[in-house]
Amino acid sequence: MISWLAYYDDVIGHMFVLMILAFSMYVVMRVGVFSVASIGFWAIAGYGAAIADQYDVPPLLIVGGALLVSGVFGLLLALLAVRLSGLSLTMVTIAFVLLLQVIVLNWEDVTGGSLGIFGLPVHIGTYGLLAVVIVVAVLLALYERGRTGRAQDSLLHDEQLAQSVGIDIRRQRIVALTLSALLGGLAGCLNVFQTGMMVSNEVGFHVVVDALTMVILGGTAAWYGPVIGAAILAWLPQMLSFADEWRLAVQGVIIVVVLVFAPQGAAGLIQRLARGVAAKRRSSLLKRREPQDVSA
Amino acid sequence: MSLLSIVDAQVRFGGVRAVDGVTISLERGNVHGLVGPNGSGKTTLVNAISGFARLHDGSVTLNDEQISGMRPDQIFTRGISRTFQSIRLLSTLTVRENILIGTDRARAEGDGRGAGKLLPRDAVNDRVDHAVALLGLEKFAGDFPSQLPYGLQRRVEIARSVASRPELILLDEPFAGMSRAERDELSDVLIEIADDGFTLLVIEHDMRIIHKICSHLFVMNFGRCIAEGSPRETAELEIVQEAYLGKQHGTA
Amino acid sequence: MALLEVAELDVNYGPLAAVRGLSLELEESQVAVILGTNGAGKTTTLNAISGAVRARSGTVSFDGRNVTNSAPWKISRSGLGHVPEGRRIVGPLTVEENLLVGAYNVRSRGRRSELIDDVFDTFPMLAEKRDELGGLLSGGQQQMLALGRALMAEPRALLMDEPSMGLAPIMVQHVMDAVQTIAARGIAVLMVEQNATAAFRVATEVYLIEHGEVILHGPVDQVQNSELVRRSFLGI
Amino acid sequence: MSGYFVDAMILGSIYALFTVGLSLSWGILGVLNLAHGSIFMAGALSAYMITSAGALPLAVVLPASMLVSGGLVVLMELVAFRPIRRRAANPLAAELPMAIASVGVSSVLVAFANNFTAGYSLSLPQDMFTVSSINILGLTITNIGALIVVFAIGLTVALGLYVARSRQGRALKVIAQDSYVGGLLGISMNRLALGTMFISGALAGCGGVLFSIHVNSMHAYMGEALLLKAFAVIVVGGIGSIWGAAIGAYVLAAAEVLAVVSVGVGMRDVVAFVLIIVILLARPQGLLSKRKWQRS
Amino acid sequence: APGADGGAPAEGASSLTIPLVFDATGAAGPFASEALRGAQLAITEVNEAGGIDGTLIEPVVTDSGSDPQQAAAAMNRAVRDNAPVVLYGSGSNMALAMAPIAQQASTPLIAVQSGAPGLLENGEYVYRSTPQQVLFHELQAQYLAEQGVERVAVLYNSDNETYNELGSEGYAAFGEEYGFSVESEGIMTADSDVSTVTSLLLESEPDAFVMLLQSNNNTVPERLRQLGFEGIIAGSISIGVPTLTAMGDLANGIVWPDTFAYDIECESGSAFVEAYEAEYGELPGSLGASGYDGARMMIEGMRNAPSLDAEGIQQGLQTVLESGFDEAATCEVWFDEERNPHSPARLLQWQDGAFSTIATE
């Protein structure tokens, strides 16, 4: 067990980083905002951290800076984008990510262009990352319990209803977008700290797709959705290494199969099962109702 | 002093004057009826009060504070809640949770300016339990809305609005889809709520119910308020009979 | 043989039996009304007849053919119209387009415009709103549109789920008159209705259902005198 | 200068052939088919496979390839989209899972193509279609270029009229909104959805074959860059609008050619992404916006 | 315990597990998978000849997916498995991600291709086995000058470090040296529409058009023909015989510089071609030769190693740096002071379905 853990240390560490990225996507998706700006902040913070690291800035200062920058930019983006709804927002944020990619590739002196920045010190290990994931997950789980969770549900499914029960949808969205930016930045920074590099592969459409895949496979029904999604995405390539050049194909098939059987993702499936239990309890109640009970 | 005053309200959609210069006021503790032919602007008036439709002209004042121009959530915070003519429940939440979201953002009483603190959790739960019991939904509290028949979904919708204990409750055809016995049952509930000091504005086509629960009736046609007064007197008016009730329908 | 025959129909939602052993018959030109409290299984019955929910057992035959659990679109094409609960207007289509899709299986362009004119004659308010988007109509206007849309298919039998819901009294009368007119043309009508007073003016048969079972069935004048119906549905 | 005009016309026509089908399935069935690029590629690849069995003229190969690519999308509808749609809570909730599932399918197609071509670029045989230059209205254009323009305009107009005027076109809009009502009105959701998906795939396949003749090359990833461009095209035109997609295609092509010529090649990709951001922030509904149909 | 892809040797003490990390899939896939075949061939050959003093090499292949992070993870795993040496091919990005790990763990890493300039600066445990392309493109520049070319257009992939360097700086320098002017434009590998940029480059009326591209090597000539270009079309090693064959007439006259071609005239080279064809049923291309030479370099290092562990092989490889090695697909490989490899280069030209050598170094 110990040797297994040590052996797959980097996969496990990467999985934790992905979980934070998935959380970042999740907090906006949860309130019906289909933004993929997380990837943008992941990239901005990642390059920021890598560049600062080259100048031996203390790691904690880098994290602080990454959070500050993504928070501020996140807020600005949120104020700009909050009036867009649904897929328009998705498109704008995809364009934001792709634009960043063009910048990264062309601004070679700073970003290392298509190559990237390599050979940075590794600042955080698997246990450190685990601790961060636990803290974020607990905070999210607490945050979405009760009142806030219900508000998120109403934002996700019916804006007008949300407004009619006193929810300021604009404010909620700005909060969610900013929070998402913070988490995206944190994830990007930790990614560099864990791997010791930042490369242009980490920004672009396929990262958007990967991140979406995590959130959709895991589901947006509850905080454990992204945890499951990130775990799947981190381990699939490992488990499928036997398939050689067909690996991506096999991975594709697995994703399709999972989605066909659980279109709401793993978390949705879990909730559905719980719901099935609730329904069973109810039907026994109904049968016991006497006729005069109803017509009274 | 009236609880709510609407002065010369106008709502237009392109060329359609859905609400066309309505001036009415609602008195505290009363149940007000709002009737009128289909498309006469009743729902739009409720939308205008609750902030879902923009006024082109005129104003809405609640407790001397102008609320027209505010967002729906701000208006809710000031003590107005509403139901929708077409049912709006969240399929991912249970019946009880659907009712809870109506009260989650309710403010502690005594402030009225919308700046009060959110209600403590216990108080929220008490109010919701009360509303659940009032509308006879105890047995369905753990169900999901899609599993309920239409009539019960309506009750959940009403419970959500009532549970937050707002000063003014706007109900858009709450009796739709209910049988006569069920209507009677629900009308007793509404009377009880009014007796507790709440103010209601109820859109309804069933004149029998209107007569039973309302102390004051507004009649709309073509976006205007064409008559108001006690239900009995108002319903007798020829203009109301012609536009709304039809010839044979003199009495209930 | 009756135009629409339902025999021993059972419908379940998971473990819940929503309709149990329900049978009914409907002849051409006949108007039958289903009464029942909330949750009795009225909507479920209509949905099972038009194929929108699966029957667990029992048969539905229409025009002598067994259509139990056929696809809804097939049943609809065989001449059974359905005005659904809650109107279900297609929001982004205009009033006119909503009516035209009602006539999806009427191939002749000329016939379609005749049918539209008929609907506009019956509901002049819709003619005024011809180019308005369906989603923007008022509740009652949508109810008229839902009715008109079903008529566009030239059905031979029509299921109506609470057609008077959201209609002003004057419109309720108007709709019931319209029901009478179409029944006179030979169309069979099965309607679920809470406004029993209005429905009884045009109906010939009544089915009272409770907990998914028919507990009372008979011609209107008989059923009218039943204590249960008087108390719960007529308030006499 | 007229050379650049011809370039823009051809490029715009390729964008149009690609995007119109994508916009159709997305706007009407809510299927954002991220495998559309792979379907485009599959059209070209199938043309290659067909002609490698024996010399055939384009008039035979093109319809055959369209059949293949259309058939592939029909297959996707059957094994992935339909089951997901059926299991999802509501049409909106199915959109993202279907999009992610299409990514899965796409990786299967790409893996197949990649293994088939061993990663190389292939060329379609010259004897299938001989490219030569012709002169139309004083413009020099290759015959394949002219063919692309004619097909793009012809097919777009035909499809646009079909959706706007035919009874099936109206029915499509019903099932997009409410499949329950569609059934009650005698509309077969499944059949129409299959038809729509087939058309969308066949159009992509047509584009793929013509494009690979035009550039004398086809390879496994040939559709990927187009997919991102298609987002911009759809944003410009408004989701689901056939005319919008066509207009957006030519607008983007013209803007790109202009950017390359006047600013520089590096600016080319920036154009698409900046266009998305600017247009959506200025006009969230796209240039040809639809009327709002929801009220409270 | 750790999984199937590493750990204890499978067949007794006489075999040595060596990780081969290759970009089998992803952007670099087409190049690296051919290189991998070449590397595997060299290993099979040495095993069949009895291994290295009786020790067989047991290669374990890992796919980097052309992703630097995955490549780094594979390198980490190799270090944990105490791999004595790691062979990698072919993208620069991945090599750069692996190099610091190799250096820090004192595990020799031999990179095939990976032409990025900074790679060897990571330290003495990082090796490159194939010459950087800039070293033999000079031959092509010379040829262009001899043909009297005055204006050269260069279209390059700016997202591949090798071509980016060569396209944005290399050819400009050649131009100064050999007296031609250079116009260049960079595009992405994934760009599939090259029509406008080609027209743009032709506005300067060049006499030669150089393609430094990983893809589009067949679309650009088609476009050039459409535009009526009649000058010299020059390419690079990534054109490859299969693409040229598929292009038909269009490919006639195209030139490109290389260190290998299957008509290579030395004993080790033709032996390689023969063995490769026997093994895989097709003639090897430039990348297959690169992979073969990478594995050859590793094997030479092992032969010269005092012990078959990382430290020993490192010493062996240091010897190889000084002596170079022959038995290579590219005939011979030698190293300069910067530890960069060199092989004899030549310029090839395609005509009617076959190539011929038109110049040598």
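We just call them A, B, C, D and E in the order they show up, numbering each chain from 1.
The rule is short, and it goes like this: a residue touches a chain if its C-beta (ideal position, glycine included) is under 8 Å from a C-beta of that chain, and two chains touch if they have at least 3 such contacts.
Keep in mind it's a predicted model, so treat the numbers as computed, not measured.
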Item checked: Chains touching both chain A and chain E, listed by label -> D
Notebook entry, point to check: If you take the mean of the Cα atoms for each chain, which one ends up farthest from chain C?
Noted result: E
Notebook entry, point to check: Distance-wise, how many Å sit between the C-alpha centres of chain A and chain B, to the nearest whole number?
Noted result: 40
Margin query: I'd like to verify one number: the distance from the centre of chain D to the centre of chain E, where each centre is the average of its C-alpha atoms, in whole angstrom.
Written below: 37
Item checked: Centroid distance [mean C-alpha coordinates] between chain D and chain C, Å -> 42
Checklist line | Rounded Å distance, chain B centre to chain C centre (Cα mean) | finding: 29
Next item on the list: Could you list the positions in chain E whose residues touch two or more of the other chains?
Entry: 25, 29, 33, 158, 188
Next item on the list: Can you tell me which residues of chain B touch two or more of the remaining chains?
Entry: 52, 84, 91-92, 147, 181
Item checked: Residues of chain D engaged with two or more neighbouring chains -> 89, 114, 266, 269, 295-296
Next item on the list: In the complex, go through chain C and note every residue touching chain B.
Entry: 13, 16, 35-40, 43, 85-87, 125, 136-141, 143-144, 162, 165-173, 194, 196, 231-235
Checklist line | Contacting residues of chain A [partner chain E, same complex] | finding: 3-4, 6-11, 14, 105-106, 113-116, 118-119, 195-197, 199-202, 237, 241-242, 244-245, 247-248
Next item on the list: Using the touch rule from the top, collect the residues of chain B that touch chain C in their complex.
Entry: 13, 35-39, 42-43, 85-87, 147-152, 173, 176-182, 184, 205, 207-208, 243-246, 248-249
Check: Which chain D residues qualify as touching chain C in the complex?
Finding: 167, 170-171, 173-174, 177-178, 180-189, 290-291, 293-295
Notebook entry, point to check: Hey, which residues of chain A end up touching chain D in the complex?
Noted result: 34, 80-81, 83-85, 87-88, 91-92, 94-96, 98-99, 102, 106, 160, 164, 205, 209, 212-213, 216-217, 245-246, 248-249, 251-256, 259-265
